[in-house]
């Protein structure tokens, strides 16, 4: 059973040095209240797994500005100049991953797979350090699964068992990350009773969700 | 007519009714404005949907409906949202007919570089590496030369690649060029532009067939 | 745009010797009308990819009885004695695959992946002929993607763009197979107008669907 | 009390409130009937849902809601349906706490054989190989001996394995045995059964600790 709690209590589970996954794409679909609570708490030396670092004044971008990350694993940092500045200054380690590969690595982490073969990135810097495997005369990169200590997600609706739905393009990485972390914390726009969601329309089954907080803003 | 408009208009006429198309941010996005009457393409947005529609009126913005650049858009009737893994399953799995991307450099071997300039600009590859790998047809939309007048159509890309041997067609304000096993073939020149002018502005070797057409825009 | 057609016309696309994927789990979620049309047509030497061979008088089980398959790739044949009989008599080649591996192989086929690493089947006959790959000290089997010429699916609702929803446990393999075949044929309980499905509730985006037939019974 | 009931009752008392549990077909399914008051487990069905409820009244059967054996069941409030890849992502990814399966043979090394008898019976592995690989705890529910009185708890399985070294606990009508790194440890004997009787009926070597308990059923 997922437990309903507050933003402040929820982020107490995140300790210095942990790896966190945060849903969202340029902040759309990110759990903004949880992020603000983390900014306030000042948790540091975190590793971030996220699509991007958003903008300096938005979503995980605020945590970049607040220097809470020692490493980030993302597909794109172009919208947040502070990320690039910290990277160049040697203050932040940045691992850039092709977006489809990042999504699939997170999925593999949640699905108990040891990795997957993708053609993406062949002949580019994305090859570096990766094993190449040939299958039926075609070459692929072996990409490895990725998991986090904590996933921070935004849902549109959560029922009290933790079943989730997402809205529009705010879905993005959220359902994948829900499967791939030891602790899954969801900020939900709306919390409903058990039975209020049609079981066909649940996008993340509640069995993987640990904590739910009502949306902050 | 503005250079970018020439490029966008020409590419729009390549798209066929029913095509699933992913348009990159910037110039490629403009292609959507010029799709001929009677041709319906389905725009895919790598942040998680098909059926991307035009920008909404300012008072009708839905913060959860944005394109891959984070700009407000709409969803057309018959659209569908999905998570990032599904989005890239569509892209990598060959379910996207055409992708249109910008370039920092492109070359006669079909190599494309558009995600970083070492030591200067490192925005990240986002979904570009997957798009050039997975889409059935890869069209590069780029001005023919840099602001300094240097050719962007090179013998061999010098910047880190987004994809190796992935480009099918290059469309600039001067020319349409096709990447073939024999090399880069000049297919069309813009109205008022001569073959010699294109050759002079192109670092890559161009194969000039007898039937070079004049670009319709 | 998906085309609405009849059962008879739809199955005309399936030729002797082709590989077909059929949705369903013990017949639940199988396109029963399409299967009956195939039984009537008598198409033969087919290869089947399906969870199971159902029962002798139900779903793909009927096609087994009608001796339309030369090979089947399934997870379970225990509910259809005729499958076992043909296998023992050397009339039918049977490849048994762990269910999670079959699901993932189909998904990989649709997602453009070259394969994946799974711990399932290690130390069992499922290892036979497969490459073992070690990742971080753990051993996995490399499993390869699988695709079909045609997928035959059952949906609860299809809109006229081919967007699909499935109902209850009838979903099973259907959404995976929708991505992994050259031609995708859907038997839908109900066909609705474009715009009638909420884009958040679409389970298979219409861009992958080719033909829709109304449910036969 | 019937042998099967003894086994099902004992296993039911092992399940903890909140556990996600997958029950195999046959004897394991009976476990659901004996779950103690106040303990709520979430039953996962590998054909694609969590929240499996009891069989419906004959007039309330929904043909799309069946368990992995194809029998009509119900879905409880707060349940959720998903596709087969997601179902096995849950299973393989360690999101299922307990799986209970039957056995043809099981041994002191934690090996399990329950999917085929070469030359005789080859039903297939269905989801069993994934379940024994992915579930956090694997409990084998089996009668202690065959109809002919031969032990099913062997020194070493002779039939093709479902999983190698995967079993945690074996529960029979005579005993509860735990697979440990040191070997198979006898934890409990059924009321009225002696340790000597269990040893005599067991081919595997049993470690007998000083505190063997009497099974509560």
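General observations
To keep things simple, chains are lettered A, B, C and D as they appear, and every chain counts its residues starting from 1.
Throughout what follows, a residue touches a chain if its C-beta (ideal position, glycine included) is under 8 Å from a C-beta of that chain, and two chains touch if they have at least 3 such contacts.
Keep in mind that this is a model prediction, so the values were computed, not measured.
Look at the CA centroids: the one farthest from the centroid of chain A belongs to D. Across the two interfaces under comparison, B-C and C-D, the one joined by more C-beta contacts turns out to be C-D.
Chain A and chain D have Cα centroids separated by 35 Å. Between the CA-based centres of chain A and chain B the separation comes to 29 Å, rounded to the whole angstrom. Multi-chain contact residues of chain D, defined as those touching 2 or more other chains: 49, 75, 81-82, 85, 88, 91-92, 133-134. Multi-chain contact residues of chain C (touching two or more other chains) are listed as 104, 107, 111-113, 118-119, 166-168, 171, 199-200. Taken together, the chain B residues at the contact with chain C in this complex read 18, 20, 40, 42, 44, 49-51, 75, 77-82, 85-86, 88-95, 133-134.
Remark: chain C residues 1, 107, 109-113, 159-161, 163, 179-180, 194-195, 197, 199-200, 202, 205-208 touch chain B in the complex.
For chain B in complex with chain A, the touching residues are 45-49, 62-66, 68-70, 75, 81-85, 87-88, 91-92, 111, 122-130, 133-134, 160-165.
For chain A in complex with chain C, the residues that touch the partner chain are 104, 108, 111-119, 133, 135-136, 138, 140, 142, 144, 165-168, 171, 199-201.
Within the complex formed with chain B, the residues of chain A that make contact are 25-29, 51-52, 74-79, 84, 87, 94, 96, 98-104, 106-107, 118-126, 166-176, 203.
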